[in-house]
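Sharing a structure here in C-alpha cells format.
We just call them A, B, C and D in the order they show up, numbering each chain from 1.
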Amino acid sequence: MIEDVPALSTRDLTIHFGGQVAVNGVTCAFRQGTLTAIVGPNGAGKTTYFNLISGQLRPSDGSVQLFGEDITRLGAPQRARLGVGRAFQLTNLFPNLTVLENVRLAVQSVARIRFDFLSVAGRNAQLRDEAHYWLDRVKLSSRAGLPAAALAHGDQRKLEVAILLALKPRVFMFDEPTAGMSLDEVPTILDLIDEIKLQGDKTVLLVEHRMDVIKRLSDRIVVLQDGAMIADGPPAEVVASPAVQQAYLGMQRVAETTARGRP
Amino acid sequence: MSKQWLDRLRRAAPYAVTPLLVVAALPAIGPAPWVTLTVAGLTMGMMLFLVASGLTLIFGLMEVLNFAHAAFVTLGAYVTISVLRPLAGWTAQPSLVLNLAALLIALAAAAAASGTLGFVFERVIIRQVYGAPLRQILITIGALTVIEQLVIVLWGAEAIPLPKPASLRGSVFLGTSSIETYRLFALFVGLAVAVAMHLVLTRTRIGLVVRAGVEDREMVQALGYRIRRVFVGVFVAGTALAGMGGMMWGQYQTLVTSQIGDGMIILVFIILIIGGLGSVGGCFIGAILVGLTSNYVGFLAPKLALGSNILLMALILLWRPRGLFPIAEH
Amino acid sequence: MGSGLQQSPAIPAAEAATTPAPPTAASAAGESRARVRSWWSWILSDDPPGRLLLNAIMLLIFAAFLFAPFLFPGTKALGVASRICIFVILVASYDLMLGYTGIVSFAHTMFFGIGAYGVAILLASGWTGWGAVILGAAAGAAVSLVLAAAIGLLSLRLRTIFFSMITLAVASFAQIVAEQWRSLTGGEDGLTFSVPAILKPGFRLFAEPVLGVTVNGRVITYYLTFAVSLVLFLFMVRIVNSPFGRVLQAIRENEFRVEAMGYRVVAYRTMVSALSAAMAAFAGALMALVLGYNGPDATLSFSLMIDILLMIVIGGMGTMYGAIVGAILVVLAEYYLQNVLGAINGAVAGAPLLSALFHPDRWLLWLGILFVLIVTFFPQGLFGWLRHRR
Amino acid sequence: MTNGDQALLRLDGVHTDIGRYQILYGVDLLVRRGQVTMLLGRNGAGKTTTLRTIMGLWKPRQGGIAFDGRSIGGMDTPEIARLGIAYVPENMGIFGKLTVRENMLLATGGQGFVEEQLDRVLAFFPALKLKWDSPAGSLSGGQKQMLAVGRAIIEPRRLLLVDEPTKGLSPAMVDQLVAALLGLKSEHTTILLVEQNFRVALAMGDDVAVMDQGRIVHSGSMAALGADERLQQHLLGLSMAAGT
C-alpha cells in the first residue's frame, strides 16, 4: 500500500515578505504513514511553512508536491480537495453558525456536494449523521446546537479538530492543536492524533511546543529556525544534537552554530 | 538582470498611461482640436480631482467609503446659487476682478457649507460604522437619499440655471485652438488645490500624521496622536473639497439639479477604481485620465463618450485588478 | 431537547452591530423542526418564518395576496399588489447576495431592466403571442446570468467595497446604453406594447362577475404575477436552505476557512450573483407584462436600487421573509404615504419650510430617515427582530 | 516585593475579548519601577493581547489597569501613550512609506528632535544614521526593529512595552538589539518585554511572569526561573532534554 513516493514534499520552498525571508529554501519530504513534528522558536516560519503547503500563501520560489504531483500552482480549495487538511492555530470557525453546521460543511465538501441548490441540507441524514459522528469523536455532541462563538476556547479548538477529521484528508496539518486547552482536555486530542497515525496510510505534520507531546507522537522532528531547516531526524537524535539544543533554547545562539542553516 | 528591468518597467508603466494617451490622440484628432480637447480634458480632470481627492483621502485614512459624497457636491452647487444670487451685480458686469471675487466667495461658501455638513455627518452617521463595510455602504446610501431630499426641500425640485459670470463666458484663442475662458479658471483652481494638498501632506506635521495614519492607524494612536480628531479634520476637508467641486461643476454645467452630484460621483468612483482606492497620487492621475478620455472619445465617437470611461475602467482592471496605484492593505 | 434548541442564540449587542445578519436558517431551530416532515414544511424547505405568531402573520399576508382581487377591488389596489409581488422577488434575490453571502451589488436593477426589456422588445416587435413572453423572459434571464457571471469572475475576488463601486459604474453604463440605443430600446421614451390577449383589461374570463368582481385580463395578470412570484420565492427559500446555501452563509462568516475546506469562494459568489441576476430578470419580465410598457425609468433607474435597499433593510436581510415585509411596507408607503404627507401638508400650509418637508413628493425623505434609523438601531430589520425577539 | 510604591503598572483580573472570542481570563500582573519584567508563555497564551490591552488597543471587559496609581483601563490609546508609555508591537509598526527621519519625528509629537536624545538613539543604532532619509520600508528586518525601538525611546518614556523584538532576526542582529536593550536597562528604564528567546529573557529580565490560557500562571524572579530547569519545563515546555 505504502508507496515510495513521499506523501508530501517541498523543494527549496521560499517566501519573502517585503525584505524579509520568512521561509528560506526548505526542502523536505514526508513519507506516508509518518508523523513529523515541526518545532522551532516563535517566528521561525512554522505557520508560514504550513500556509505555503496548504495554499493560503504562494511561494516566491520553490515547489510543493503531493504524492509526486506538483501542486504549487493550485489554490487552497483545490489542495484541500486533493487531501491537504489544515487545522488552524488561531481559532478559525464560522462564529454565527452552529457547531453542527461547522462540521457539516466539511462533511458536505468531502461528499462532493457543491452546487446542489435544490435539496434541503437539513434533510440529508447522511451529512447530519456523519457530522454528529465527528462531534462525538471530539466529545462535543452536547454542544451541537450552539453557535460556534458560544463555545469555550478549548471547545473551539476541539471543533477545529473535528472539522479537520471530517475533511478526511490524506495529509493532516495540526498547528499547535492543544494550545489554549486545559490539561484534562489535551488527552482527547492527542488520542485522536495517535489514532490517525495508527491508520497507517495517513501523513501527519504537527507544529507543537510541548516536548512531552512531541516525544509521545512523532517519528521524526524537523527543526526550523529563521525560516530555514536546521535539523531533521529521529526524535532522540535531534533532541540530543547540541546545535538544536542551543538553537531551540536560544541558550548560546552564536553565529557558527547556526551558520549551516543560512546562506 | 532582465528581471530587474522588467520589474522597473512594471513599476513605471502606470505612469506612462496618461502621456501615451495624450500622444496617441494627437494624430487621431489633429492638432487644433487636440489642444482644445486636451485643455478641456485637463479641466474636467481637475474638477473631478477636487471631488475624488476628498473621497480617496477619507478612504485611505479611515477605510470609510462615503457613498453620500455626491450629496456634498450637490450641496456645494446649490450654495453657489444662493451666494451668487445677491452678487448678480458683480457677475453680470464684464469685470474680471468682480467676477473672480464673486466666484471665490462662492467657492469659499460652498466649501464652508459642505465642510460644516461633513462635520455633523461624521458625528451622526460615519462614527457608528467604522470597520463595518457593509453597514457603511448601506447607511451612507441612506444618508445620500436624505440629504438630496433635503436639498429639494430647501431649493425646490426644479432645475436652477447658474449662468457663468460675464467675463468667463467666451473663449480665448491659442493659435487656432479655442479654449473656453471658464476652463482656464477651473484649471487654475484645481491645480492650486492639488498643489496646496501636496504641500500640506508632505510639509506639515498634520500631513505627516495623515500619511502615517493611512499606513497604520493603531501605531499612530500608540504614538499619542488622537486619530479621531485627525479623522474629523480629514472628513471635513474632504467634504469641503467636494463642495468646491460642486461649485465648479455647477458653474461649468450652468444648470443645477438635485442629481448633479450623482452624475459626477459615478465618474469619481471610476477614478478611484482606476487610481487605486486610498491613493491621492493615483486619484490625480486617474482624474486626468478620465477627463481626457471623455473629451477625446467625445470628439471621435460622440455616441461612445458616456461609456468610454467604463471601458477604460474595465481595461485597467483587467490589467491591474486593484487599480494603477494600490495602497498597501491594512 | 427540541424546545431548548428552538431558542435562537442571543447575540450580544456589540456583535449585532457589526454583523447585521443574524444566525439564519442554519440554526438548530430549523434542524429540530425538520423532524416534522409535513408537506408544507417540505415546500418551505424546513425554514418556516418563525414560531406561532410569525407563522400566523405570514399566513395572513399570504391569504390577503391570494384573494387580493376580491378583498381589495379596484385597478389601483391590484397594481399595488402586483408591484409588491414583483418587488418581493427582486428583493429576495438581492438578499441572496447581500444577506446570505455578504456581497453588495448596485447592478441589481440592471438585471431587472434586462428582463423587462427582453419581454418588451419582443412584444413591441409585433409578435404578441405567449411565445414572445416566454422567449423574452428566458432570453433576459440568460443574458443576466451570463453578464453577472462575467462581472463576478472579473471582480468578485476583490474587496466588498471595490466590487460595489464597480457594479455601480456598470449599472450606470447599462442605463446609458438603454437611453442611447433607440432602435432597440426606444431610448428615454421606452417601449409601449400590447400583451397577450387574455392579459388585456378588456378580456373577460367569465361572463358574470365572481363574488362581485369581474375576472378580467387585469385580474389574470395579477394571478400570473402572484403565481410566478410565489414559485420563485419558494425556490429562493430552497436555495438558501440547500447545501449550496449553507456554503454561502459560511462565506459570509469566514471566507478564508471556506477555502480551506475545499470550496472555491469566487465560484460560489459568482454562482449566487448569477442566480440572483436571473431571478431579477424574471421579476423584470413580470413588471413589463404588468405595465405594458418599459423604459429606463420603469426598470433601470438608480432610485429603484434605493427602493430595493430600503425594502431589504427595513424587512431584514438574511431572512428571505424580510423581503416580503420590506416590499409591502415600502410599496404601500410609496402609494399611500403621499396621501398622509398631503394631509399633514395641508395642515401646516402656512409654514413654508414645514410644508416643503411634508410635501407629498417627499415620501422618500421620510423613508430615507427611517432607513438610516433602522441601519443604526435595528440592523436585523423588522422581520429579523420579530424572529429573534424572546 | 509587592510594595505599592514600587509598582509602576498593575493589572488586576483583566478580562479581554476580541470580537466574540475571550482571550484573557483574569490577568494579574505587576511591573516594578526601574525593572525589566519578562512576559513569557506559549503561542496563543495571551501575551500580545495583554500588551495591547494595556495600550488601550483592546478594551478590557473587566478588571483594572493602573499606571502609577492611576486607572487607565477605560482610556483611549493616545491618552495612554501621552502618559509616557511607548509600545513596540510585534509587527514593529513601521511606516514603510515614510522616511526613517519622519518615523522618528512622529514619535517626538512632531515637535522636532532634542539633539542629545537623537544622539543617544543613534549611538545605540548607528545603522539608522546611514538610512536617515530612505523610506523605512527599504530597511532590513533588523534595521526596522532598531527603528521601532529607537522610535520608542526618542522621547523620555516611563514604560516601554516591547513585543518579541528578536523575532525573526539573525543572531548578530539579536546581539546588537540585546546590547541596546541592556543599555536601556542600565539606565533603569522600566520595560515589559515579551520574548520567546530564553537567552534574551535570562539576560534582560529582573522579574518574570509566565502566561498560559489567558492567565498568569507564574510570577517571580527571572534568575530563579533560569536556575530551575524543571520549572522551565513545566511552565514553558521548552526544554528539549527533559523528557518523560
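In this text, contacts are C-beta pairs under 8 Å (C-beta built on N, C-alpha and C of every residue); 3 or more make two chains touch, one makes a residue touch a chain.
The structure displayed is predicted, hence computed values, not measured ones.
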Shortest walk length in steps over touching chains, chain B through to chain C: 1
Label of the chain whose CA centroid is most distant from the centroid of chain D: C
Pair sharing more residue contacts (C-beta pairs) when A-C is set against B-D: A-C
Where chain A and chain B are represented by their mean Cα positions, the distance between them in whole Å: 49
Geometric centre distance via CA averages, chain D-chain B, whole Å: 44
Distance from chain D to chain A - Cα centre to Cα centre, in angstrom: 30
Chain A: positions in contact with at least two other chains: 95, 149
Chain D: positions in contact with at least two other chains: 19-20, 96
Footprint of chain D on chain B - complex, ascending: 205, 208-209, 211-212, 215-216, 218-228, 328
Complex contacts: residues of chain B adjacent to chain C: 65, 125, 128, 131-139, 141-143, 145-146, 149-150, 152-154, 157, 262, 266, 269-270, 272-273, 277, 303, 306-307, 309-310, 313-314, 317-318, 321-322
Parts of chain D lying in touch with chain B, wherever the complex brings them together: 55-57, 76-78, 81-82, 86-87, 89, 93, 95-98, 102, 105-107, 109-110, 151
Touching residues on chain A, where the partner in the complex is chain D: 18-20, 22, 41-43, 45, 89-91, 95, 149, 153, 156, 176, 179-182, 209-212, 215-216, 226-227, 239, 244-245, 248-255, 258, 262
Chain C-facing residues of chain A, complex: 54, 56, 75-78, 80-81, 86, 88, 92-98, 100-101, 104-106, 108-110, 113-124, 127-128, 144-147, 149-150, 163, 167
